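In the two assemblies presented below, chain A is common to both, partnered first by chain B and then by chain C.
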Partner chain A sequence: MIAEMSHLPIILIAVPILMAALMLFLRSNEGVQKGLNITVSFVMMALSFVLLWQVWNGGIQVYEVGEWGKYGIILVADLLSSGMVVLSSLVSFLALLYSLDYIEGKSLNSSYHSLFNLLVAGLNGTFLTGDIFNMFVFFEILLLSSCALVVANEKGGVTKSSDKMEATFKYLVLNMIGSIVMLIAVASLYATVGTLNMADLSVKISAMSAAGTLPWHIFAIALLFIVVFGNKAAIFPMHYWLPDVHPTAPSPISAMLSGVMIKVGAYGMLRVFFLIFRDALFLFQPIIIFLALATIIIGAVSAVGQKDVKRLLAYSSVSQIGYVFLGIGFGTVHALAAALVFLVNHAIAKSMLFLTSGGIIHHAGTRDMTKMGGMIKTTPVMSVAFLIGAMSIAGLPPMGGFIAKFVLFDAGLLAEYYIPIAIALFFAVFTLFYMFRAWLLMFWGEIRDVEKYGEYSSHKSSYMITIPIITLAALAFIFGIYAEPLIALSQAIAEQLIDPQPYIDAVMTRVVR
Partner chain B sequence: MNNTLLTITISLLFGIGTFLMLRRDIIKVIIGLSVLSHAVNLLIVSTGIFDGTKVPIITGSGHEGEASGIIFNDNLADGVLAPVVSASTHVDFVDPLVQALVLTAIVISLATTAFILILAYRIYEEYGTTDIRELRRLWG
Partner chain C sequence: MTTIITKTITKVCIPLVILFSISLLLAGHNNPGGGFIGGVMFASVIALMYVVFGLKYVKTFFNPDWAKWFGFGLTLASLTAFAAMFFGHNFFRSAVEFVHLPLFGEIELVSAGLFDIGVYFVVIGSLLFIFKNVGDDNE
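Coming up: the complex of A and B.
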């Protein structure tokens, strides 16, 4: 059993791909399809925790696919990768559980299970791969499966089909341009350095930098990578697709997109800039900080005026990813740890809010917040969950978001970035305003005009819908009152990022056949 | 990449692709995307080509085998798995890896183009037009 455990990185990628194919063959048997997918998804989550535990105890794991050494594709599970895999497996298991009862039966049966498994495979692959071209391939798997999932139908059909088409078209065209830019960057990097392995790239670029022969176009390539990952994470100039795509997607997919997919951009930024371009980083820190601040401001200001509940949450995601990038831009150990704490807390709280908004939309039959009101009497579970999420996003104690914002601002002050922190703090107040405005509009006050908008649905939400919401709400609360393990883990990850020598050693000291 | 003609071709393709992407017709945008992706494919291939190089095919047991230091045959007793090129050897082959990269990139762009064409057809069904300026219902 112990010997099999060294195959964990490839298992986490291969099993979802196999499941995607298997799910197509099981179309005639709906019950088996659902049961098998949930079971496998749960096992994947358990295995991802095992992987994190192994890496925490035994150091960085390197898995050579095909035993080609550094010349072939390698999978590297360091603390950052395995931590991100744990996060994505957790959110995807809960989102899958939620979608069994939320997605329309025909759509769920025919393609949803396969595509969801491909999405999980793409996420795990992106986090675990140690090869920059392989990362591009997994990005494309991620892009195509998420595009097809955005157009999946939910029960009730609140979102029009034409809206989904329009949003997906924007998303796909922008991300195709993003992937073309990434290909240019990877090709230029390969032409300059002559390798695609990230650890090898890091060693060679450091050697060139030490010898003073770093070519100028390395900086241009690094800028291209900012465009690529900025497009994935929706930071300022490339943010405008997100508020269209995330609201039109079905709620469990919105939770996946907002909870995990935009974090892929932050992960790529951490991996590429702190491993490959660490000698050129000083030049890009001001750019990243500027873009992050612009993202925070644009997201917060746009969110204030929204009437659509999911659009508000999407703009809030834009604003919050800015804080993560702010931490990345500061670039100290404390700031990176803070950015990771923020990332985890935002993933938990925002997935929970999107899942909750799905329940709310199902209940009210509309996404317009001005057509809701007084729902605290009819859906107490949703209102409490939304309140916990709103408090966490706004950064109120005792929720996880408070700890996240506190450590981030603390790290910024330690690194003496006073003006960026002042701007970020000012727009954190906006967060408080728009989240509580949404809560008051939906749950407080009079019950809406029944003659004009109709009764609320009396349909009770099933356990499939409430259990994921309650689990994530509990996590958001636990990360607030018992934050030490998360902070310790983030600190360890940040130390590995600042000093990538163990990562390089783990990859490079393999026996090349 | 010392080939002027190739460089001009790539830059022209980039120009055509960008021009088509800025058109108002959805189909022209999609054609622009595919032209752009082929420009990138050519760029990748061109990064492996240097002046005076040959195709990356190692022929036979090698007329330059022993002399050049390239090992063509496996020697399992010593743990040598062919082909092995010693660091000091001068090899005038083009880089075969970029062609593998291009193959992957072509397959991926095929899949995305197929998806986006179906999407364009569905948009035409829903909106009754392929004019990209009509796609603004989400702005409300």
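Coming up: the complex of A and C.
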């Protein structure tokens, strides 16, 4: 049993790929497809928890694909990777459950399941790989599968196909440019240092730095990586694709994109800057803080004026990922732990909000909030869920978002970054404003009913739609009132990030067959 | 594109190119070549056939579901990689076996070759699936 468990990192990547292939053969058999995919997704979620538990108890796990030692591709599951895998498997399981009812039948059984599995494989691969070029490959898998998923149709057809095409085109082109930049960065890193293994890179760059022979273009490469991960995470100058793509995607995919995909950028930032470029990090901290603040400001100000509910949530995502990067920019143990707490809470709350907005759109038949009103009577579950999400994103006390913002600002004050904290705090008030404005517009006021206006659809939300929303809402609530385990885990992750020696030791002591 | 010259040349090319693509595929695991190159070559000659004879005409006698080829290839490739786990090794570990056959002499059987065959089908399936769907505008 123990021997099988050591294969967990690759199982989490390879089984979704195998499933993607099997789903193509089951296209004619809708029921089997749904049942098999949801079962496998559930098992994957359970296995990801097992992996986190193993890493928590037994230390960093290294898996050599093909047994080539440190010269081949290795997968490394440390606390950060396995924690992110748990987050992504949880959100993807719930999003998949939701999409079984939400996505239109024809889209669903033709390619949705295969692409969704590839997306999961890409996410898990990005988090678990210990090789920088392999990370690039998984980024591509992520990009292409999510691109195709954005086009999938939802029931009711709220979003026009032409809008979807426009958004997908922007997404594809901008992220392809990001991929090219990443390829250039990886190639230059390889040309300079001569290895692609992240632990090996870290050792060699540290040695160069200690000997004073660090070539200047290492800094240029690090800047390229800021562009790459900033593009994935939608940081200020590269944020403009996100508010087009996230709203046009069907809601479960929006939840995946906003909940997990933009966190891939934050993960890459943590991995690359705190492992590979840790000696050059002090130079980039002011840049990251500046970009994070600009992102917070632009996202918050843009979100205030939105009429489209999903567009508002997308701008809110831009603003909130700025807080995560703020924590990364501060760079202390507390700030990193706070950034991770924030990341988890935002992932839970924002994916819940996107799923809820899907239910609301389903009911109202439009994405325009000014055409909705009084829905607290007709969809009480959605209104409570949206309220919990809005409170969590705005950072009101009983919810997880409050704890997240509190520890982040506390860490910033401890590290004596007073002005950035003041700016971030000021724009946190904007969050409160735009989230509650949306809630009031949609749920309070004059009731606009299907009898009177003929606007609301008769499609009732089924259990497939409400169960994921309730689960995520409960999690957002639990992380607010019982936050200690999450904070303890984040603290442990942050300590591992600040001192990467155990990671390097675990990888570099491998013997070649 | 339907001149008699292109048609004749295409007819000659198809078997030659397919055989060459298979030889590239089989050479792939330790010589120049491989599943990807072989697959692209196979896909290109089928694409040439589609262009020269017209998609509608070709469909009357040769109309495989390329998505199935893709699925088969991906299944084969991932199962090959999984197989190593059942022998107590890590994922993707390959195995080599030398076999003596009466007429062919010594033959090298490599599990990486099986993976290459999977790649071959994935490349053929995906390229031709896209090519056929983009070209097929009546549906």
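By our rule, the second predicted complex is superposed on the first by the 506 of 513 C-alpha atoms of A that agree within 3 Å, B and C clash if a C-alpha of one lies under 4 Å from a C-alpha of the other, contacts with A are read in each partner's own complex, and residues count from 1 in each chain.
One rule holds for everything that comes next: contacts are C-beta pairs under 8 Å (C-beta built on N, C-alpha and C of every residue); 3 or more make two chains touch, one makes a residue touch a chain.
Here the structure is a predicted model, which is why all the values come from computation and not from measurement.
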{"item": "Chain A as common anchor, with chain B and chain C clashing or fitting", "value": "fit"}
{"item": "Angular separation of chain B and chain C about chain A, which is computed from CA centres of the superposed model and rounded to the nearest 10 °", "value": "40"}
{"item": "Which superposed partner A:Thr370 touches (first chain B, second chain C, both, neither)", "value": "neither"}
{"item": "If touched residues of chain A are counted for chain B and for chain C, the larger one", "value": "B"}
{"item": "Touching partner for A:Ile17 - first (chain B), second (chain C), both, neither", "value": "second"}
{"item": "Contacts of A:Ser462 with chain B and chain C, given as first, second, both or neither", "value": "neither"}
{"item": "First, second, both or neither for A:Ala148, with chain B first and chain C second", "value": "first"}
{"item": "Partner chain in contact with A:Gln501 - chain B first, chain C second, else both or neither", "value": "neither"}
{"item": "Touching partner for A:Thr39 - first (chain B), second (chain C), both, neither", "value": "neither"}
{"item": "First, second, both or neither for A:Phe25, with chain B first and chain C second", "value": "second"}
{"item": "Chain B and chain C, minimum CA distance [Å, superposed model]", "value": "7"}
{"item": "Contact set on chain B toward chain A in their complex", "value": "1, 21, 26, 29, 33, 36-37, 40, 43-44, 47-48, 79, 81, 97-98, 101, 104-105, 108, 111-112, 115-116, 119-120, 122-123, 126-127, 135, 137-138"}
{"item": "Residue numbers on chain A that touch chain C, as the complex places them", "value": "3, 7, 10, 14, 17-18, 20-22, 24-25, 27, 63-67"}
{"item": "Parts of chain A lying in touch with chain B, wherever the complex brings them together", "value": "133, 137, 140, 143-144, 147-148, 161-163, 165-169, 172-173, 176-177, 179-180, 183-184, 186-188, 190-191, 196, 244, 248, 513"}
{"item": "Complex contacts: residues of chain C adjacent to chain A", "value": "67-68, 70-75, 78-79, 81-82, 85, 88-94"}
